[in-house]
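Some structures are shown below for you to check.
Consider the two complexes below, in which chain A is the common component and chain B and chain C are the respective partners.
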Partner chain A sequence: MNPVVGIAAFAAVSVATAVIGFYGLRISRTTGDFYVASRTVRPWWNASAIGGEYLSAASFLGVAGLILLSGTDALWFPVGYTAGYLMLLLFVAAPLRRSGAYTIPDFTEARLDSRVVRSVTSVVVVMVGWLYIVPQLHGAALAIRITTGLPAWVGQVAVVAVVCVTVVAGGMRSITFVQAFQYWLKLTALALPILFIVFTLAGSGTPAVAAASVNPTAVAPAGLYQNISLLVALLFGTLGLPHVLVRFYTNPDGQSARRTTLIVLGLLSVFYLFPTAYGLIGRMFAPVLAQSGQADALVLLLPGQLIGGAAGDLLSALVVAGAFAAFLSTTSGLVVSLAGVISQDLFGGSVRGFRWAAVISAVVPLGIASMTGSLALAGSVGMVFAFTASTICPVLLLGIWWRGLTDAGAIAGMATGAVLCGGAMVAGAVLGADGPPSWLAQPAAWTVPAAFAVTVLVSRATRNRVPRTITRLMTRLHTPERPLVTER
Partner chain B sequence: MTRVRVTAPRSITPGTTALPSARSAADSRDAAEESDAGQVFVRSLIRTQLRLGVVVAAGFLLILVAFPLMLGLVPGLAESTIVGLPFDWVLLGVGIYPVVGLSAWLFIRTAARNEARYRDLVGDK
Partner chain C sequence: MPDSPLFIAAAIAVIAMAIAVVVAVGLKVLRSFRELGTDAERATYKTLHAASRAGQHLRTGLNPAGAAKASRQLRSLLGCDALAITDTTGVLAWDGAGEELKPLLMELAAGVLDGGHTAVIPAGEVQELAQGKGAVATRPEVERAAVIAPIRTGTRVVGVVAAFAPAAGAGLVRATGEVADWVATQVELAELDASRTLLMEAEVRALRAQISPHFIYNSLNAIASFINTDPVRARELVVEFADFTRYSFRRHGDFTTLAEELRCIDRYLLLERARFGDRVQVSLRIAPEVLSTVIPFLSLQPLVENAVRHGLEAKEGPGHISITANDSGAFAEVTIEDDGVGMDPEQLRAVLAGHADGDHVGLRNVDARLRQVYGDEHGLVIETAPGEGTLITMRVPKSQPRHDA
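Our next item is the complex of A and B:
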């Protein structure tokens, strides 16, 4: 691919991001603005921003790549990513908004009346965030290497630098505009090229190289256990993602939090049609990419391969821009939420502290990413979902719906989930390329129930520690706000 | 925090600028809700909403499981095509999203209705 195309696309996205970020700077003044945009963001903006933040490298590049490799088995990824939001809507959205907390640690502290729980939750949230940023940076490295031929670290450093500048300058308010813009950019960047490709293929009558059902690399089909375990991870993992949850506080009330989630579901459903189409067309017309080990670059390479010429270059530039929008938006969303957590716990919640915390939250994963090799993007993000589902999800779900949860139970549950799931991840990485057994590769099906069981059992055993504020808190979480009445 | 209360859009009946009195009414409702009688309503609301969530989730998961089962059990279905596209791809790659949207919409409608009923019960207008 022409290297100028890649560099120009990245520069354009960075400049647009910075401009929108600085525009936001003029209207964010107080600490509240910096953290959660003072809760006055409109549902459509907010939903676009959630979509923009959620659709990461895994969705933009990884899903299509995985579909190219393993066909219909990989279709469970986009389904799970979307259905996770349904679970979020059903069990978390409105109560979490009504809790009035800024971050997940704020929520657990208020719910369980314990500083220790707060600290443990903060550690878990920061771990999840860092784990999640790393694949974004791997994606950036891949994109820079494929499209410009520059060394991979350039992509990682560039993403971290742009994110730091926007977050430090504007906080959540400017991030909201940036994210919303980036959702629509990502959608256009996938939709336009694939429509072009479909029309070109249909018009020229190019025969398919292979049928969609032909397996280009002979990857063994995933077993029933793996599919179920993956779905458990994605369905329950979304509930606990810190950058997703912090978004719900920007809704004015519980019912609007629900409405925002409904719009998000629509936006995600539309978006995921396109990676699926890329995967299907890639299987039929460009199975070579899978054999040469470039599956994750399918979305970036397909327009150039199937169209070519100046039109191909332009469409490639658009896809590259979309990919960088994906890295930038997810990373900045995570950095904002991590900075919120770190600055409240370490720096007393000042704006200055927030800026320092933002830099810390972006630079540490940069170090991790530069030391680790990249796996399949969708797969490594799937592991983060499994980790979240085994740690934050049980505490959040039980905290919202079960009066019996205690601080001891929450800590024991988070520790169990972190040790089991983290252990499985490390063991899987050590066993490496030979392929770990499926129960280690997809641990969610047993680590999530284990974390739930430990949380419930320990809470039962320490039932005298149920906080005295429980009645007032449960009332606040579940009863509609007042005095507003927004029924119709 | 107080800043939030003032700036967030509120749909109080137009013409009434009675935030302070609305707030004291809210305080008295706090007290009512924390009484034993009020807690009966609150607990029943929580139970209803939880049951609603579980029912919608279970229904959705049933349909989700039914899709691959259908492909596996009906011979020839996975190989058939719709407008030139393989049927199993259309079902899993497109067909599931309307089910997600429909479940979400049903949930939101019913959850809002449950909350409206609760408001009527506690005499909130």
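Our next item is the complex of A and C:
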């Protein structure tokens, strides 16, 4: 592939992100159109922004790669990523929006009336964020290596640098519009090339190399346990992702938070059609990629392989741009929300503190990413979801829906989840070479219930620690608020 | 996760660090045990430690949760079999043996609660009373005497401390009396805390901005001037004025959302423009992300009013006010800038500190409320100089789960 294509695409996306971030808000209004100026973000915009932030390297590159490798079994990933929003819609979106807490640590502190719980939650949130940024950087490394032939670390450093500069320079001021733009960019970047490919293949009548049902590698398909465990991780993991929750505060009230979530479900469903199509066509026309261990790069390589020429180069550029949009949007969303948590707990919430915190929250994962080798992208993001599902999710769900949760229970639950799931991850990595047993590779099915059980049991045992403000808080979480009036 | 040698090395390093930390902490604890000092010093420490621990629990006043934790500490202090704390109506906490006597305690304490003098009830009497009431002792061979001392705050008796021991010696009686007095001090401190909180709330309420009488007067005059020339506009302005007063006179809540406050500002500016015509120009740049941020009620309107009143009124020709609201990490940042006559920084400082009565009382009021609610680092930041206009910046945390808009 032409190296210029990759670099040009990356540069274009970075500049577009920065420009929208800096100037998206620079439109001044006069009092004549006061109500245009003070209008809240419409659910459509906000849903696009959530989609833009949520669709990470795993969705953009990983899903297609997994479908190429393991066929329909891999469909559980997009199903889980999307259905997680159903859980969010049903159980979390509206009450959390009403709570007035802006981050998960804020929520747990207010709900349990305890500074210690706040600190523990902050640590967990920061860990989750870092773990989630790492696969994005692996994706960036892969994309740069495949498209330009430069060393892998260039891609990681470039993404971190762009994110740091925009966040520190205040370029995330109109973050909703940046992220909404990223969603539509990603969708176009996937949809256009695949439609092109489909029509070209259909037009030229190229015969398929292999049937779609043929497994291109010797890797055994996942069993029932693994699929269930994966689904548990994805369904419950989405609830606790730090960057997703923050977006709901852009909604003026709980009701529009629900409507936004509904639209997100639609947007994600549409989006995941395309990685699936890539995977399927990859199986039929380019199974070689799976055998050469380049499955994750399928989306990047397919247009060039199947179309070629100038048209192929252009389509490749579009896909590369979309991929970098995915890395940038998810990473910057995570960095902003992590920086919020870190600056508040470590630097007392000053502006300078926020900038330092942003740098810290981007550079630490860069270190981790450069030390570790990349694994299947969708798989490693799945691990992050498992970790979130066994640490933050029990506290969040029980905190919203159960009056009996206590600070001791919350801490015990988070610690249990972190130790069990983290332990499984490390053990899996140590055993790595011969493939860890499936209960270690996909720990969510037992770590999530264990974390829930410990949280409930310890809360029961420390019943007298239920905060006295509980009734007031629960009323606030579950009764409709006065609507935010912005129209005359 | 990956299985590279580096990753394993990192894992080993983390484990090694954890072991090092545990060993270091262990050594420190061991050393601190060795340096505990003489028996007398240790006894003093133990007493003071128990007292201070119990004190923390009592700082929320006489309630069951605090009393339960404090009674454990106090029992170890007195070295008695059982210790109970009551208020005037019931037993709050019972720590130690002989729980079957619990229902009798209020009866035993009745005299103390009335008279306010320490009572010593011999073992036999306690037992007799227990049998009379049909309370079955789990271990009837253990007889306990009771020392009941009143908790007095001011002239009132708010509860008792009761200690149970096989024999009520003079030592125990004296010590129980002292413990009761000490509990009383803690309860008084708790009451002090509570009244301080009330005072702070009252102060915030008193500071709650009122719209200025000048503004009402001027607006009504401006409207009056339109009644003959442009009745339709006059009618519209009266409606705006009604809406504005409705908002600013509302009774409920000390907080509002940025969106509502901006609406109020819009109405205010409409009325001001009826007076000033095109002399007041306003531009807005509001990030939609912060519209639902909770801010103190009427905290922006006085700032805009200040800009109009002191920035533009005294100036010749048109003046420009720009209002922006930005998302800045965990905070929302609101700025109000005018290109009017500005202020003398020294004089402004004196006004804000409350040393001088000036024209900028509205600013002082908002500044004081912001500091009261969010802490000193969240006061107004004002950049100004005579003739140079004024820029006022306000930074409030977006996350305020304790404040209802």
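In this text, the second predicted complex is superposed on the first by the 462 of 488 C-alpha atoms of A that agree within 3 Å, B and C clash if a C-alpha of one lies under 4 Å from a C-alpha of the other, contacts with A are read in each partner's own complex, and residues count from 1 in each chain.
Please note the rule applied: contacts are C-beta pairs under 8 Å (C-beta built on N, C-alpha and C of every residue); 3 or more make two chains touch, one makes a residue touch a chain.
Just so it is clear, the structure is predicted and the values come from calculations on it, not from any experiment.
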Chain B versus chain C as contact partner of A:372, first or second or both or neither: second
First, second, both or neither for A:343, with chain B first and chain C second: second
More chain A residues in contact - chain B or chain C: C
Chain B versus chain C as contact partner of A:269, first or second or both or neither: first
Touching partner for A:176 - first (chain B), second (chain C), both, neither: second
First (chain B), second (chain C), both or neither touched by A:252: both
Touching partner for A:309 - first (chain B), second (chain C), both, neither: neither
Partner chain(s) touched by A:79 [first = chain B, second = chain C, both, neither]: first
Doubly contacted chain A residues - partners chain C and chain B: 30, 38-40, 100, 252-253, 482, 484-486
Touching residues on chain B, where the partner in the complex is chain A: 1, 3-4, 7-12, 22-23, 25-26, 29, 33-34, 38-39, 42, 45-46, 49-50, 52-53, 56-57, 60, 64, 79, 85-86, 88-89, 92-94, 96-98, 100-101, 103-105, 107-108, 111-112, 115-116, 118-119, 124-125
Chain A residues touching chain C - in the complex, by the definition given at the top: 25-31, 34-35, 37-41, 99-103, 106-107, 109-111, 170, 172-176, 249-253, 336, 339-340, 343-344, 348-351, 354, 371-375, 380, 383, 425-426, 428-433, 464, 473, 476, 481-482, 484-486
Contacting residues of chain C [partner chain A, same complex]: 1-4, 6-8, 10-11, 65, 68, 257, 259-260, 262-263, 266, 269-270, 273, 281-289, 291-292, 294, 322, 326-331, 377, 397-405
In the complex, chain A residues that touch chain B: 30, 32, 38-40, 72, 75-76, 78-79, 82-83, 85-87, 89-91, 94, 100, 212-213, 231, 252-253, 255, 258-259, 261-262, 265-266, 269, 272-273, 276, 280, 401, 471-472, 474-475, 478-480, 482-487
